[in-house]
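Common to both upcoming complexes is chain A, partnered first by chain B, then by chain C.
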Partner chain A sequence: MNKSQVKLEEIMPALQGVIPSIVATSSLDHIPNVTYISQIYYVDTNHVALSYQFFNKTIKNVRENPVLVAILTCPVHYSLYKMTLRYQESQTSGEIFDNMSMQLDALAISQKKEHIFKLRAADIYEVISIIHV
Partner chain B sequence: MVVPAWHVEFLKQPLSLWIATTNMENVPEPAKCTGISFDPETDTFTCFVPSKFTVKTFKDLKENPIMTLVGVELHTYEGYQYKGQYLFQRECTQKEIDYQYKYMKEFTDILESFGYSGPGYWKAYIHPPFIALSFKATQVFDQSPKVGTGGEIKTGQS
Partner chain C sequence: MSALETEKLSSLLAESNRKMEIFRKVSFELNKLVSLPEKLQTILAILDEQFGMANSLILIPDDERQMLTVFAGHGYDSSIIGQQVAFGQGLIGLAAVRKRHINLTGIRRKQHYLATVSNEGDLNFVKPIGLTDAESQVAIPLLANDELVAVLMAESRSFCVYDQSDENFLITLAQPLAVSIQNSMLYDSMEKKIKERTAELQHLNKTKDKFFSIISHDLRGPVTSFQSLARLFSYYNQEGQSDKIEDLCSKVEQSVDTLNHLLDNLLDWSLSQTNGIQCSFEIIPLREFIQTIADIYLPNVTAKEIEFTLEVNDGICIRGDRHTLATVFRNLISNAIKFTPRRGSIRILAAVENEKVRIELRDTGVGMDCGRLLNAFQLQGQRSTFGTEKEKGTGLGLVLVKEFTELNEGTITIQSDPGTGTLVTLLLPQGTSPR
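Let's look at the complex of A and B:
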């Protein structure tokens, strides 16, 4: 990463799910898609996991074109960050999946939307870059 | 018409609005939209975007003139995605700028009722000057969070 880029650990408040993030993807035939996502979860210094709740256009797109761009908002300073990610794998069990599922359950209870927040998989992404917008 | 008539009222609400483009290498670019106008006669959306957020958006549109817009109602998460052909860009008129401030006030009032910081969102999103980007919708998709979401909506469906 060069000096203008931000490290994942510097934006931890934006990864708490307080403010939903925006994710944009592209199909192989160059059609963009943009949607909200409930959760971007810190895995390690170079990886995050995104919640996969429905089989939708975002999931279809990243399976054929692995580049995803997310906009995260820091709930403390309201700074915006653009994160470019590359899809690696989908996990349906294990520590990351269990932790994300637990966080989603808490969100569901607080918002009375249990049917929306059921986790199907934790999609693991490599962090390519993070910049302050 | 591609956009169902009943969407006209939906689109008048202070929705959460984002656009996205992509280049020929399929690297997408989302950008915050600070208001829209919609002409149901021509299925044309005009999206207002702070120019600060449009650097890659413009490059993408020169290569690949396809835009998408998502609008989500903040209480229910009811949302729709409108995809179509980019038409043109221009500076916003004063009337459009005034509309954006009114829209953002209504939008942040809702967010404040959820416990978020209204001034925080202004700081994040309001960056004049604003650009108007127009596109003609060719497809509409249901994006409300539910099993089976993502389906295309055809005119005549309710």
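Let's look at the complex of A and C:
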């Protein structure tokens, strides 16, 4: 991790999906897209994952231009963090995928919506920096 | 090392010490010789006291791996014990099916989000087991040799209660917990098997006692009577009283009948006790069947001047095993004759009711009091009762009747009062009349 002022482990509550995160991407021709994402998952000290359930603008943009900026809110202290990420790969199996899929299933099953909410992939991002805003 | 780093390290050390202490206490509880529910209940209380797990459950799966049942609960009212959750249902069911731990927080907000994006603004939850408004839940499958032994679930109304280190700690704790639960369940099942085996042995012992009692008491009677008869034969022969010898012949016949009946019952009963009865079901025309058995007792009926009527239509058939049903009717008819006084009456009626044949056997005999009626089908405490003319029995008759009626998928009830006679009602499966 380069130049990050905050370590990923220090912002674990912000990675629990209690408060949705704001993510900004841009297409190859520099058209920005800002949206909300329900959760950014912790993978390891240098990586996070985003769920890929529906093909949307964010997914399209990071496939073309792999840099993503996210604003996360800590639900405990309400601190804001700006995280810069670089898209690495999309996983459709393995431990990270299974864990994310299980969390989504647990929520969907309790509402009998498991047929609607299916994880298509776990998109893995390298954490470039985290800044306390 | 900076003051901040020292503080962090101290805090980590304190946290490690606290977890070690929990481990020590939990291990101590796991080694105690107490019942499994009590053990698990204490462990959940320790986890609350030391770890802040105010609401927690331990659920055990059934053998079919369909349902999980709450075995121990902490922080809920006692009604939670015994509640069930299906495999695959909610956080607990999912952790059980996938044998993976799961930790969720912000549950209600996330569920609202799902409801909104699926265009169903209203929440339509499957009612969870435990807290209805939990925001954080962690479910840890307890595995021993990769086999699911139980699921530990903790929940809270607050956000971000269980961090990754808590989760890891619970996963570590799950190992000895799973092994201990498995051992306790194995122990319980062995205890259960021992109890079943003991009950079986006690039953066999009582059976053996009854067997010896019959041999030593009831079987000796007819043999002694043969001995006396032999002496009388010899005496009358020496005296040249041939008319008296002729009288004795009918008594010999009677004794042989009694002995035969007793031996038949004894053999049937021995076979039934050792599961040696092999039923062969067939369609039996009822009237003909009962008549054949009643004919055996014609001399007794005639001797006591009993009015015997059989009111069974020719078309009525039952489905059952001929041998065991013969024992049933032989005993019922012989009992009725035995306890009906001279010039009394015995009626046997049959009618078809909802694919069953209802057979009623009414007599105008001495009847039974409430105490005798209650123990009519019990082996324990049974004593053979003399008939109205001192006829002997075995004390096994009604015990056999009930066992064999049930072997034939039938039921039996007895209504009786002293002095007013007895009504025995049998319900047996109806058979289609053979063409």
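Rule of thumb we're sticking to: the second predicted complex is superposed on the first by the 117 of 133 C-alpha atoms of A that agree within 3 Å, B and C clash if a C-alpha of one lies under 4 Å from a C-alpha of the other, contacts with A are read in each partner's own complex, and residues count from 1 in each chain.
In this text, contacts are C-beta pairs under 8 Å (C-beta built on N, C-alpha and C of every residue); 3 or more make two chains touch, one makes a residue touch a chain.
These numbers were taken from a predicted model, which means no experiment stands behind them.
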| item | value |
| --- | --- |
| Of chain B and chain C, the chain that contacts the larger number of chain A residues | B |
| Partner chain in contact with A:Thr35 - chain B first, chain C second, else both or neither | first |
| Touched partner set for A:Gln103, first chain B, second chain C, both or neither | second |
| First, second, both or neither for A:Gly17, with chain B first and chain C second | second |
| Partner chain(s) touched by A:Thr73 [first = chain B, second = chain C, both, neither] | first |
| Contact residues of chain A, present in both the chain B and the chain C interface | 19, 75, 113, 116 |
| Touching residues on chain B, where the partner in the complex is chain A | 16, 18-24, 26-30, 32, 52-53, 64, 66-70, 72, 77, 79, 81, 83, 116-117, 120-121, 123-124, 141, 143, 145-150 |
| Chain C-facing residues of chain A, complex | 12-13, 16-20, 38-39, 42, 75-76, 98-99, 102-103, 105-113, 116-117 |
| In the complex, chain A residues that touch chain B | 19, 22-28, 30-36, 53-57, 65, 67-71, 73, 75, 77-80, 84, 113, 115-116, 133 |
| For the chain C and chain A complex, residues of the former touching the latter | 88-91, 93-94, 98, 100, 102, 104-107, 109-111, 113-115, 118, 123-126, 128, 159-160, 163-164 |
